[in-house]
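I've put the structures underneath this note.
Here chain A shows up in two complexes: once beside chain B, once beside chain C.
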Partner chain A sequence: MNKTILRLLLVVVATMFVAERAMAWENVGHAVIAYNAERLLDPEVKAKCRHYLKASIPFYATWMDQARSIEPYTVCDKWHSTNIDAKNKVVVGKPTTGAYHIERIRKEMANGAYKTMSDSLVKINLQYLIHMVGDHHCPVHVRWSKKSHPQFHYNLLNKGKKRRPHGFWDGSIAFRRGKWTAEKHFENMQLLSPKQAKKMQKGTAYDWTQETADVWRKYCFPAMPEGTDISKMSEEDVATVHAIVDKQVQRAAYRLAGVLTEIFKE
Partner chain B sequence: MKKIFITLALVMGVYSAQAWNWVYDQAALLLAFENMTPVAQAEMKKYLGEDIRNQVQTFEKARKKGNLLETADWRTISLDMNLRPVVADDKNAIAQLENAVEVVKNQANKDNDEVEFAIRKIIELTIDMHNVANVYLAEFPYSKEDFEFQQSAGGYGKREKFRTRKWKHFWTYGFSVFHSAWSAEMHVRDLKVCHGRNKEKYMAGTIRTWASDMGNLAKPLYEWAGPDCELSRQAHSEEEERFYAGVARAAYRIAALMNEATK
Partner chain C sequence: MKKIILAVLLVAATLSAKAWSTNYDKAVYLVASQNYTPETHKLVSYYVNKDHTRAANHLGWHRRNGRHLETEGWHSLHLDANLKPAAKDANDALVQIEKALEIIRNREQHEKATVSFAVHTVMNLIVDMHNLSNVFIEGIPQSGTDFQLDISQCSVANRPIRWFKYSWKKLWTYRYQTFHGNNVYSPQMWSEDIVCMYGDKKADFSAGTLQDWATDIGTYTKGVYDRLEKEEGRFIHATVQDHEALHMACLARAAYRIAALLNENLK
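Our next item is the complex of A and B:
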């Protein structure tokens, strides 16, 4: 009897964590990236985004995490991340990856082509972009094959219990930061000069994903090797994690703002 | 076994704490304040203090301490088969709000505590009556109950999993999960973007016509939702529009009542 109840409770708890983990960057990270991006937009572009969305940009920051369970959007279930090959290079041109769809939508909407689309299609495309640009800056949203990169399939610990790195890095923006609002995260973000911003916004979603993969290999993985106990991280360790993810959030926000500007700026 | 129950309770607790549901109440009040006349704003500050944003859920806080328990009966509105409000006694939001407006209007003859209490009623009960879970429709008797239903826990198609939830809890906490890290000001901005164009429409009318309006908002919901219904991820996402429409209405109508009461 006790064992049955025990199993039931464990399943309930596990289900809750699985549901939470399934949200890339988690809700906080997506809200922060979208909010920061909106703050970086000029009024003309912001007004156009709001015209089509009938809401602010952060309002739809996590829509895609809901939509992946909703027909007809279940097709986007695989668009939250992009594959990396055995040589650590981003896989280009694969329709089951997010980077492919970011670039597809950018091309389809470029040079005023969005004006030939229905308002609802523009809205959906924006909702995709808002989420996917964020996702592709999350260090655990690059897909490493278990065969070519077995070292990246490992466990961290939390109070001695196993925990996947995915769950940790998805929630790392808010990690040990209490109830920071998106506004507070914006204040925390380092602002760039227009020249620096332009430089950061250059490239394609493939380039950005490649950079995210490199961030994972060079910084995240060494910072949190197998067996690291999250509950025992020092302030210094936490600061290292925040430095990595804050940079990724900055990149994502500037690039999302850049993509939206490229689409809507006359 | 005891440890597991405690752990589970803590996990649940953390989830509730993450919900930030009070942010919606704060947003409603901040948006209401923006739309009040200078006189109404001054009255608000005179009785509640300068810190307006935190003057929400005060009845709930009091109830948790065992005070003002009678306010628990004031949160709801009832509507007949034709969506006309039923006000048989004073244990409902309509009667209490009408009374509160009169108290503020005639404040010269009232003591400060009574006026302050009336202003708090205007804030809290206007918010409460715009939560569809507090709208009782004669056509759907179960709308009066805090029934259990099945909420999607992810997956889709045949793989979609459901878990048992309580109806009122869902309509209080169920949507903030989409907007973690949102401040009340961020919601205010979106309420204006999404509903600002309806401001005049929402503010016009009386408490009773607003009750009927809420009946119209709630009716399509109760046509499919009831005990043991399944709320898919899609329905959850779609229902946010109804939830937000309730918050926006509440915000503009708090302003309308305060403006009317202090005219």
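Our next item is the complex of A and C:
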């Protein structure tokens, strides 16, 4: 009898705290990247972003995940990731990939062209960029074909139960950092000199996606091979995951700040 | 076993008594404090704390410590079918705010602790009356109660809609916070969004009397229940998303109205 009541109560508590469906960097990761990017902006660019968004940059960090099943935004459902070919090279120019749309929007808004757009178009373009730049730094947001890369389609374990690597890496920013606020994540991010920042911000979304794919192949995959039990990771393993993911957060934040600066800086 | 059951029931009780999550409450107080006159700022610091966000869910905190148990029913707002205030007894936010304001205006005649409790009460209950799940409207039996509705899960495109049961109270208390990463999104961040979104509406939101505000809240609360009825007790994810602007507007209204009330009554 007592056990039955206990089970029932535990179910009640579990449903109180039911988690939102895991997507992309998950809500926490996107908020952190957008927050960090906003902190890196100069006041003029930050003010312009907030003027068009009518909110802060992090407020719209997860919007693309929330909107992807809602018309008219279902068109962006495939823009959260980009394909990698059989030779481990990023696929360029494919309209069903996110890198294509990051570059399209950058081009369309460049050199003051955003001024010829309606405010609502500028807003929606910003909402796309804020999310997609983050997504393309998430190691599992490069699409590996099962045919060319069967080794990347595997399972991890969590307390003995199968778990997809996608879910793990999506949530890796908050992994064992459940109580961190965005401010704490910003303090954790290594800041760069202007020269270093400029170097990091160079290139296109394709270059950044290629780099993310390489990070997956060279670091993430070896760090968490098939059968790794997440619940049994040592402190050293956790530190390795954090080192990988912190670097990706830094890249994403600086590059998002760079893209927004390139658009709005007079 | 008894301890576990008590702990679970305590968590459940805490959820049901709260208006918004603590982060939202604190964000409201941050925005309010940015709009205090220097005099109000000084007096709120004196009666509450230098950190004004300490007022968050103050009455609930007292009750959890076995004090002021009579405040349990103060968090709701009661309106008639014309959306005019219609409290039947003292268990009503508006009634208690008015009583507390009376004490604040005549603060010279009261002990500091009494005035302090009154200031906390105003801050706490203004927030509560702006959470539309706390608003009872005559003729809408579900209003002001907690009930289960069907909402659809955020999903990728072209997948069948998956429905799940969700608490009405939780929807207006926590749901939007989960979209933004829960506690990673700090009170400071929420406060900046409130100002970005509704800073230009400050004068509109602050205008009028407590009774006008109650009717104003009733109007948009009724709108939400009308939509729920039209959609047969279900909110698809898009509808939930649509309501986030309203939710943020509620936070903004609460913030600017706390500032207006305290500026006026702490003169």
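Simple rule for what comes next: the second predicted complex is superposed on the first by the 244 of 266 C-alpha atoms of A that agree within 3 Å, B and C clash if a C-alpha of one lies under 4 Å from a C-alpha of the other, contacts with A are read in each partner's own complex, and residues count from 1 in each chain.
Heads up, the rule we're going with is that a residue touches a chain if its C-beta (ideal position, glycine included) is under 8 Å from a C-beta of that chain, and two chains touch if they have at least 3 such contacts.
Please read these numbers as outputs of a predicted model, since none were measured by experiment.
In the superposition on chain A, A:S56 makes contact with both chain B and chain C.
In the superposition on chain A, the residues of chain A contacted by chain B and by chain C overlap at 2, 5-6, 9, 12-13, 16, 19, 26-28, 31-32, 35, 50, 54-56, 58-59, 62, 66-70, 74, 174, 179-183, 185. Residues of chain B touching chain A in their complex: 1, 4-5, 7-8, 11, 15, 20, 152-157, 160-161, 163, 177-183, 185-186, 189-190, 193-194, 232-234, 236-237.
On chain A, the positions that touch chain C within their shared complex are 2, 5-6, 9-10, 12-13, 16, 19-21, 23, 26-32, 35, 50, 53-56, 58-59, 61-62, 65-70, 74, 77, 174, 179-183, 185. Here chain C touches chain A in the complex through residues 1, 4-5, 8, 11-12, 15, 153-159, 170, 178-186, 188-189, 192-193, 196-197, 237-238, 241, going by the rule given at the top.
Put simply, chain A touches chain B in their complex at residues 2, 5-6, 9, 12-13, 15-16, 18-19, 22, 26-28, 31-32, 35, 50, 54-56, 58-59, 62-63, 66-71, 74, 174, 179-183, 185.
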